[in-house]
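Here subunit A shows up in two complexes: once beside subunit B, once beside subunit C.
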Partner chain A sequence: MGRTLPSITQAFIQEQEAFSRFRRALRRGDQLALDDLFASARQHLSAAAYAAHALPMETFLLSMLLEQHKEILRLRQQMAELTGDLDA
Partner chain B sequence: MDALTFPLSNRLLVLTAPHAASAFMLELSARLSAAGELRVLDGGNRFNVYPVARAVRRCTSDLAGALARIHLSRAFTCCQMAALLAETPADGLPTLVIDLLAAFYDDNVRLAESQRLLAGCILHLKRLSQFAPVVVSAKLPALLCAEKGVLADALQAAAGGSWQLEALPAPKMPALWEEEA
Partner chain C sequence: MPDRVGWLLDLYEDDREGVVLWLIGDDGERCRLRQDFPVTFYAAGDPEQLRALQSFLRAQPEKLRLYRAQRRDLFHDQPLTLLAVEMSAPICQPRLFKRIARRFPGLDYYDADLNITLRHAARWGTFPLARCYISADDEGTVRELRVLDSPWDLDPLGAPLRVLALKPDCDPAHAQPKVLIARHDGHKYRFSLQPERPLLINLRALLRRVDPDLLLTVSGDTWLLPLLLSLAKKHNLPLPLNREVGRGVLHKKAGTYFSYGQIIYRGQQILLYGRCHIDCRNAMMWQSYDLEGALESARVTALPIQIAARVSPGTGISSMQITTALRNDILVPWRKQQVERPKTALDLIRFDQGGLVYQPITGLHFDVGMIDFVSMYPSIMVRSNISPETPFPDRLGSSDHPPGLVPLTLKPLLEKRIALKQRALSLPKWDPRRRKDKARSSAHKWLLVTCFGYLGYKNARFGRIEAHEAVTTWGREALLRAKEAAEEMGFRVLHMYVDGLWVQKDGCREPDDFQPLLEEIAARTSLPISLDGVYRWVVFLPSRVDDRLPVPNRYFGVFQDGSVKARGIDLRRRDAAPFVADAQCEMLRCLARAQSPADLQRQVPEAVDILRRRLHALRTGRVPLEDLLVGKKLSKQLAGYRVPSPGARAVMQLQAAGKSVYPGQRVRLIFIRGGAGVHAWDLPYPPDPAAVDVDHYQELILRAAANLLQPFGLDEEALLIWVRADLGCQLRLPLRTWRRRRPPPVIHLDPALYPEPCCQ
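Coming up: the complex of A and B.
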């Protein structure tokens, strides 16, 4: 008896391949940015597997947003530190 | 798809196609689940819920409700498929059987045994089709077990309607210049 459902990694690869034509039509810089987005979603595959959502792409998109927000928070903190240094 | 299956009537419809028309059957199960309950019997481990969920989302916003209306059973051997069909009550639910013949093409099962089991399955499919639509998908046997093509013939002969779907040829890229004849 084999698997009855693709693993989350298989689902991720299938979703990524579904956008291959979209990626091919992008400029080189945008392709790299898109690759970064998928790489950030890949970091949360174990959480996505645990979530067991019927539409895994939604979990992948949320993972991308999560990494984006972490980056914003990090940059905001750096900005605050820099402005604090300037005020002092 | 609409011309082929909607509205579904109480009869046994058999689709023969490469890959047992699994993409079509998944789309059909999604559409039916948006409307009401249905039963899916999977004989070839082809029911992938992710494409079904995507198709359901296109039909209705109640994803969880629609998925809950799909009653899925899988059979991994022809005996399991025969038992599954025998135990299925004729309760009026539409029934989709995906890749019915996959297990019957098993090399370890003799042709006579496959035929005997399939004859029983066909009886039960006909029983179910008296009260609700039954759509069965199957594929033709591989060349290695071509003698089991009689199973697909028997299934098609028993059907109230039979469709044979063929893969579309790969699209040809238009040439930049007209080729000389």
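Coming up: the complex of A and C.
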């Protein structure tokens, strides 16, 4: 409504659509994984909007990395708990 | 004439000179007074053209006084030299100005199209229902006028308004009414609409006997008053709808307009002189603030009661700004000339943003504190002195510059709203002032909300986009400071939405547990903040399209006192059928009875039971047709639809039956099997109850129920099985959130995890 620039959600959808040819050529399993990546970037749209970066895709890529790193930390912790259980 | 004290009811231009005032005297007498009240407007621009205008004006029949004046335009640093045109007959001003503007389009005009009540308010401090002391001569000409109270009083002495309510026995858009029901002071009268002559005679007698101050009608603008006026003409029996003798009523045409992302339709209006007419159907936001709110918005905006009840809050707030400008000798431009100053692309990216809206952590959460800033944007405007003419503030909090026009206008309104809110907290539940205060503070709320919007509206007289952006910039800053404070104090921030945040911390359950956080946020932002309440539990729902995606404004929850708050689900949607909304509401109230997580688990089968009962009623035809009505708004002209929506199809049916519907109007319909799939409720013939599309309504109610029960692992399919198999009471449900149902994202792909589709 009355905006000069597209909102961050619109920018995100545009960026995602820009990769539609790439997605189409991927195998089904890879397509689903790619969708997961984009979904994880969407978790941080408000932060991306606040950042107001001139190239929003960089922020979206960083958001994907962020979610991945969180996942690694979570798995690492789980692993530590499991090995801890084994040691005990 | 003796001196009088009373309430000012109405004020308008006199037929000859000055203005007419209607006073409700303390003795109960309604008295008509006249006051000399010259009005002035200004022209500025090319000296050659100004001289031409001056000689043109000298040749006009109206009595005028012309002189040079210096005044301040908000958007210029130096005062402007202007040609002032003063006239003693305000009633002639609009017509004269129209002639001038057409003949001299190159000049800038100021104070040229202002409502007379605003001019009077600026000069004399009057407002509708103000307590006034008036001394007048024998002809009723005012010699002295003093206003004894202020629109900012919390408990003004209420005027003893005589209200006559008129309504037809059914909705005239739906069927032909037969009876007119009148109510006054606890008495009820019924007038048959046929035959016409006795109706007019009886109504005239009632109007004369009651002599109402306020005519409160249902469909009075669009149906009743036009009908009565045409009947009165036909039978040559004039009706004393006006108090002012010898004047016709004022008609205003219907219109459709676009506001805040919505298409809105406003029917034609009929305004009276000497009394007020309010049509509840045509009044703005009548549902949320009724008569009390309408009177309050008239008092604070100084617009006449019947206009204040009908205009949007945007017009209300610009009226308040105009009064402030007039009082401070600031010119009110007729048409604003300023344009946005050039910006770099980076500036644009940084500032063209709204409030911060986060994605919530979806799922079910217990013991959540809801904190929000009290009227955040207006508070920022007042505290940081944000106004079109003041410099961009460099911090949150007090400013070194003298207060600008916008903060000056808002400050008393904001203070009154906060005072009313604080009082509401201390009043016991049974106190009648609670309802009144709520209606009044809701009127204030809309004025304050739109004030922010008007700052960014290019046609607003005192708007400037940079000021609008400054408000959101500091709003985002305040919310982030609140988040930082919360996280530093060990809270988990579940969600943030423009001016509020939802926080959670182990062991924090009572309002007092959140007090230190409130104090810290107030210290860091210097804005007023309050605890809206503590939720026993709250659910943030994901997107309907993809349940991986959180959406900001779809949630429901229960406060500690058992009250329910919901956003974005069917019971809040205006187009939901009452059958669906009521069922969802009953289910939510059933869940709300749970005190603890364990209780909540036990309530689920009971909620499913409600769904089962409702579905059974639907299947056996025991739901009244009215409860199945869905209200759809027509958002554009019919020709604009490529594939007609159900609403558009209903409109086509109505048009075929000779009834017209305009964009912005709501059309009520019922879903039926076969044919167009819908039946417009206002068609002259009723729908066949046997044709109701039961399957469609079943889908709607299941979807509504699934919204509530999703957190307990029940989607539409599962619910259908439950309801059908009648197993609800025996099942024990695991309490979990649906976020955990799908595997977390995987980085190194195991081909077995995502099976290849069988055909490629």
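Here, the second predicted complex is superposed on the first by the 86 of 88 C-alpha atoms of A that agree within 3 Å, B and C clash if a C-alpha of one lies under 4 Å from a C-alpha of the other, contacts with A are read in each partner's own complex, and residues count from 1 in each chain.
As a convention for this text, contacts are C-beta pairs under 8 Å (C-beta built on N, C-alpha and C of every residue); 3 or more make two chains touch, one makes a residue touch a chain.
Bear in mind the structure is a predicted one, so any value in this text is a computation, not a measurement.
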{"item": "Per-residue contact with subunit A, leading partner among subunit C and subunit B", "value": "C"}
{"item": "Partner chain in contact with A:R24 - subunit B first, subunit C second, else both or neither", "value": "neither"}
{"item": "Partner chain(s) touched by A:L45 [first = subunit B, second = subunit C, both, neither]", "value": "second"}
{"item": "First, second, both or neither for A:L5, with subunit B first and subunit C second", "value": "both"}
{"item": "Which of subunit B and subunit C A:A54 touches, first, second, both or neither", "value": "both"}
{"item": "First (subunit B), second (subunit C), both or neither touched by A:E67", "value": "second"}
{"item": "First, second, both or neither for A:L32, with subunit B first and subunit C second", "value": "second"}
{"item": "Intersection of the subunit A residues that touch subunit B with those that touch subunit C", "value": "1-2, 4-5, 54"}
{"item": "Residues of subunit A defined as touching subunit B within the complex", "value": "1-2, 4-6, 11, 14, 54-56"}
{"item": "Of all residues in subunit B, those that touch subunit A in their complex", "value": "45, 47-50, 53-54, 57, 63-64, 67, 74, 76"}
{"item": "In the complex with subunit C, residue positions of subunit A that touch it", "value": "1-5, 27-30, 32-33, 36-37, 39-40, 42-46, 49-50, 52-54, 67-68, 71, 74"}
{"item": "Subunit C - residues contacting subunit A, complex", "value": "260-261, 345-346, 348-350, 352-353, 356-359, 456, 476, 480, 496, 546, 548-550, 744-747, 749, 751, 753-757, 760"}
